[in-house]
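Each structure below is given as structure tokens.
Presented sequentially are two complexes of subunit A, the first with subunit B as partner and the second with subunit C.
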Partner chain A sequence: MSLRLFSFAALLICLALYLPVITLLAPFWELELVSSWAMLVKATEFVPALAGTLVSTLGSLIVALGLSYLLMGSLIFTSGYQRFARQLPLLLAVPHLAFAVGIYLLLSPKGWLERILAPLDIGIWVQDSYGLSLAVALGIKESWFLCWMIWAQLQQSTLADQFLVAQTQGYQRAQIIRQILVPQILPKLRWPLLAVAAYSLSSVEMAWVLGPTHPPTLAVLAWSWLLDPMQEQRELGMVMTLFLMLLLLALALLIWQLPILLRAKAPSGRRRLGRLTIGRPARRSLLVLHLILALLILLWSFTHSWFYPALLPGRWSLNAWQSLSFEPLLTTLSLGFTSALVAIVLVLLVLETGIKQTGWILLPLFLPVLPLVVGQYQFILALDMSPSWVAVLLAHLLWVIPYVYLVLKPAYIALPQEQLLTARTLGLNRAELFTRLKLPLLLRPICAAFALGFSVSLAQYLPTIFIGAGRVETLTTETLSRFAGGDKRLLGAQTLALLAVALIAYSLAQRLPQMVYANRRSMH
Partner chain B sequence: MLELFQVEIETPERKLFGPLTFEIDRGEILGLQAASGSGKTALLRWMLGALPEGLRANGELLLNSRELHQLPTEARQVGLLLQQATLFPHLSVAGNLQFAMPVGAERAQKIAQMLEQAGLSGFEQRDPATLSGGQQARVALLRALAAEPRALLLDEPFSSLDPELRAEFRTWVFSQISEREIPALVVSHDREDLQQCHRVLSLDGERVDV
Partner chain C sequence: MLKRPFLPALLLALPFASMTYAQDWSAVESEARGQTVYFNAWGGSDVINSYIEWAAERVAEESGVQVELVKITDAAAVVTRISTEFGAGNTDEGSVDLMWVNGENFRRLKQEGLLAESWAQDLPNSELVDYRLPVTTDFTVPTDGQESPWGGAQLTLIYHPDRLATPPSNAQELLGLAQDQPGMLAYPRVPDFHATSFLKQLLLDLSEEDSALYQPVTDSEFERVTAPLWGYLDQLHPLLWREAQAFPQGIAQMHSLFADGELLTSLSFNPNDAANLVRSGTLPEGVRSFGFQRGMLGNIHFVAIPANSKSKAGAKVFANFLISPEAQLRKADLDIWGDPSVLDPSKVSGPSAAQLIERDPAALPATTPWIAEPHASWVEPLEKAWLARYGAGS
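== the complex of A and B ==
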């Protein structure tokens, strides 16, 4: 079979995996919408859950956008800029759930911060009814994604030269960022912002750990209704899922207006002082926060007893580690490895078709997870598949493929055309060109895509629990069960395992190109 | 007058050039001839206060007897014209010029005058992306001059233009520099560009006959 045939086969496989996206609204056709809407609006939890969801989603967008503005604004085109850019993938590799658990251990009642501030008698809480703690945690976590997207924009444009030209005209950093960079970058950030909104709106795992509880956010509420044995409640869950999509549509309209709403005034010519230096301490503080969270998770995992208000455990033990099951680790590794590998092969082959309109591959990132999982479940039922590792793998691919595409597409486009042409004049056919030149040249982005794909698979909760029907256990599903169990020692050990797997996979993927091309400096 | 004294730039592995000493008088256009990778762009970046990461420089830079090399880029009053016009794409032609001009009441009138002199009358509201390469280059120079720089650095400023346009644009640029009586340093590979300069130096400070 020729490479072209393989490519089109990959395209068809992708389309088949994307059927839940294509038929997104199909599961809702059978609903009696009017009566279901009436029931939803009458539900006592609806209004407070909506308020918590709006605060956490809009809040996370504001925090993420504000932080990325401060961080990138003060760092770009400085000596610390490349170092920060190198740290971003590592920060992105930290699973959302591990970050949320860390924040929970820090800020929960009798958490570490309350212990430190015990003499002041200040109550510090997560799971506030307004969803503020969830908003801030989501905002911090998503700001790395936005910074990464901004960095990608900066790599592809003449913004560095424009920045220098504006400097030679007497402007300082803060003004150049506002007048020159933001108006050009913000329109291109609409899609990443929509992805942040979609994630924040439909996140169940982070909302469960840090969000309001009575009632929870709309996504968690919809999730619990969808799992209810009563048909009526399940219908309510479906309507809520539909409502989440409408909410995302409204957010999309708002995001699309952002460049107009935040438009800078026409330049007056006045050179203002303003060095925008807050980003450097902000970056350091956030890095320190990550280290503290990791340390807390580590401490709890080796704790035997830790009474309030002691700052360190009173007795240490390996009990929590000994009680961990090995199977979720193996399942996580096999799912992450296979889904990342399959996604890389599929995406590369789809790019090889030469079809330019492949942006649809990113669609799952801009849609709430719940309706997609419901759609996947319908297809699994239609195919008469039992809940299994393979079913969960197929489910994970819907989110792993777009992230892998996000990394590989720009690298594929940037392949040096002169070298490809030279190789063809040397007699290489299409398949040889792909295997002997493109793949080696793409090794670094392939490894980066693998790390990202692996961490995306690792982070999947809803698809794993819904499609696997609780029979496929991963580190993520186990971490949430430990959270529900309430034992912080077991939670610490499980979360540390989750974090360690994510970071080890990231480090290996980072090192592979350096090992393979040890004496090829431009290939690192 | 723009003065460089004992300037040398090095990477962690090797010295790129130097020590280099020269001066450029008011209204003088000095050409700098150097091979690719020899460090001429690094020199311009150093003169602007934006030396790329990983490079190290020594030496002194004075503009009208004022020490520059400790000042940030925005305080140096040294203009820059690059090979690509790098117009701000979200601003109109007038917006680009307005951005560079100091605060003042008669900016609209000044912009109209500048555009007229450059043969671009009525282009105020045009989107930079709709201009030809030559028109973009003109707006870029007008923008650089609008900030009223005390010196101008030109990094391969004509190389993206076709040969006919190149000669015409070069003559216009050089006349604008002479009119304003500011020192200018032109880095170019092109023999004709260098022939039109008042003097040409190599990166080791030797005078070159073009």
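== the complex of A and C ==
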């Protein structure tokens, strides 16, 4: 049975790729923890950086959770609900970094919003020292993910029916959300919330663009310490990554308690009149916000000079576009394409082993990125591997595989068992069953997994820059180095390229099943 | 037995040292052909990146050396990488073949023995270098031929005469300006390279170039010399942009804030920068540059080869090209980069000599006195003390 052989080989490959997860703590054995801890706590930046990190992480969780509940709760059973559900994947496909750059262009000092509001003399700024702007931006961006998760829950459960019943009994939306949606969905949102927390906590790219600067968040601080030429500073960086993991553990405990903390009192039967009208206007304004951000990025990319208080560029130019190089685009495409494809093959083969305990594949989603990257780097060093495209590909797979698994696992389980059984009785062997029945049936989830895998690879910053030693340039690393370079015109062009690739790849993957099965509607 | 015939040959060769020198170089050149050189350089400026790409193309045509620019955001991180590679036993297949470096990073590389042995003075074009410039010491640390000069730099303040009639001529006047117009001045956050340089500039100005700054640092001298600086910054910080609760992330952001009228001055380490930035549309027309009366901090930036590079010959060939009149002239061109040359105009023939020292009206006046960098050992305690005092915000 060659398929069996292949699938167990795939399992071994996955395990090998996941070694950095297992050896996560290895580098810490070499440190003198007690004295390093003392030094960490004594570092002047530590306490304010911790405050900024807590504000931005907890704030983003609150904003994301609140926004997604309000949106979904007030849209369900309205005409906008299905439309919104269809828009969600596209909003999800917007790279975090592109969103952050857009917000930066809008809200930086003397930025576009300040120019519009100039007569009012209001200053709303990114990079505020409390981490509030970072919290709100992360919260909005992550709310699409949570909306999507809630939507998936609503599809599966009988919640929609309960909602209808409560509505016919005269309860208003606000009360139904509080009494029905929150208590039932929240427990199922724990893992997605933990993923949001892990991202917010350890995101370097968004924190760099929008976070506090003096001092920056813990993740940015840890990152710069890890790169410090001084050995003791690097050790401090290591201790900081350990601290980030402890912080995430604390957040996980908090998230697990959330359903209990937010438990509503049993309904007294009283109908409260508080009407919730956030639905359509909120949805519209959030969509308009995205359009404004995209427009600002576009405008800057064609600018020669554009100074305060002008609302439009003073002089236009194509220079920024001419200075873009093709190589990062090609690297991004090749990395995204290959890693998504490899991940899909590996995950399908691992599922094919029939082993039930495969949940560990999701682990990297719930761990801070920084220590994982450090672990990967130790491996690359130990293997004497030079920084290259292949090394970066292997690094990306650690995050691409779990996302692909997230999409493929439920679809694989939901395969129509009767059909498979019929096919077997008709004499198909395992390999034929896999290639002739399962793969075609899974085309739609495979395409969705591909789109997700591609966009995950596209978004990787830390693994690309750390494992690739800067030699492997992608649209994401280029965008961030343009940000550091401070030229908003180049930043605009680069960000637009990033955004365009993300959206185009996404819509292509969405269309593929329709093209392949043009004459079979239910396969779309 | 075999060794014997070599001895007379060596003796014979001695008087013709320059000949062997040329032969040595052609050996380097032939070894270099076909090598790939990973040149790690700060990649934050598009102007510089395209200049390096041009140099890479030229050297590929001329010498068959493939140069790959690795854009980095912080040279200190490259030092870390090289050191980590050595620590992991990688002594001949490093990921860096040539790097753009000076000051503290060079001192660290040299101290830890991570650099290729003396080579810079053997480059044929090193004869054209202007040795009146401080090209053989780097922040008072002798280069010992372990790095080759690439360009000159001088700390420069940028302003717009329409918004600031008389720029301050020393640190005290700068403080006075901040008192008159609070919230309109800034400098990047330490340990940004420009921020540290700005601190050194203030320190040199306030201490009237105390001679202790040119010796290795000691605790007591540090206390004594820096005391006026902390007193000064304690006064200055509440008057800075956003009351020093936030700092610009780098000079690029400072330029943008300055261009939008959020700041009165910007900062650069390239005396020609203002001229370049106007041409590229980053800064508005009419900006000018100024320095303090006593002078402004100046230094040379270099390229160095890590000891574990596997393309040392290729790296030398590229370093040699970088100090050729062709490359230096193009580098000094305001439309290209505008980085000051390290060549001696009297050793370069033709009309190009004049172009090497040309200055634009927007640039820092060439008459601005040059203040040498303090001893490199001052940087680290200076940054640490700053972070300990101001690192937490408030």
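The criterion applied here is as follows: the second predicted complex is superposed on the first by the 511 of 524 C-alpha atoms of A that agree within 3 Å, B and C clash if a C-alpha of one lies under 4 Å from a C-alpha of the other, contacts with A are read in each partner's own complex, and residues count from 1 in each chain.
We adopt the following convention: contacts are C-beta pairs under 8 Å (C-beta built on N, C-alpha and C of every residue); 3 or more make two chains touch, one makes a residue touch a chain.
On a predicted model such as this, the values are computed, not experimentally measured, just so you know.
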Counting only touches as set out at the top, which of subunit B and subunit C does A:Thr358 meet: first, second, both, neither?
neither
Looking at the overlay, what does A:Ala469 touch: subunit B (first), subunit C (second), both, or neither?
second
First (subunit B), second (subunit C), both or neither: which does A:His304 touch?
second
More subunit A residues in contact - subunit B or subunit C:
C
Looking at the overlay, does A:Pro212 come into contact with subunit B only (first), subunit C only (second), both, or neither?
second
Can A:Asp228 be said to touch subunit B (first), subunit C (second), both, or neither?
second
Which partner does A:Gln87 contact after superposing on A: first (subunit B), second (subunit C), both, neither?
neither
For A:Pro267, using the defined touch cut-off, is the partner it touches subunit B, subunit C, both, or neither? Pick first, second, both or neither.
first
Does the superposition put A:Ala166 against subunit B (first), subunit C (second), both, or neither?
first
Looking at the complex, which residues from subunit A come into contact with subunit B?
77, 79, 82, 158, 161-162, 164-172, 179-180, 183-184, 266-271
Contacting residues of subunit B [partner subunit A, same complex]
48, 50, 53, 72-80, 82, 84, 86, 88-91, 95, 98-104, 107, 143-144, 146-147, 149
In their complex, what parts of subunit C are in touch with subunit A?
38, 40, 43-46, 50, 68, 70-74, 76-77, 79-81, 83-85, 88, 90, 93, 95, 105, 108, 189, 244-253, 255-257, 259-262, 280-282, 284, 380, 387-389, 391-393
Complex interface listing, subunit A residues touching subunit C:
43-45, 47-48, 108-110, 127-129, 212-215, 224, 227-230, 234, 303-305, 307-308, 315, 317, 319, 323, 381-382, 384, 386-387, 469-471, 473, 481, 484-490
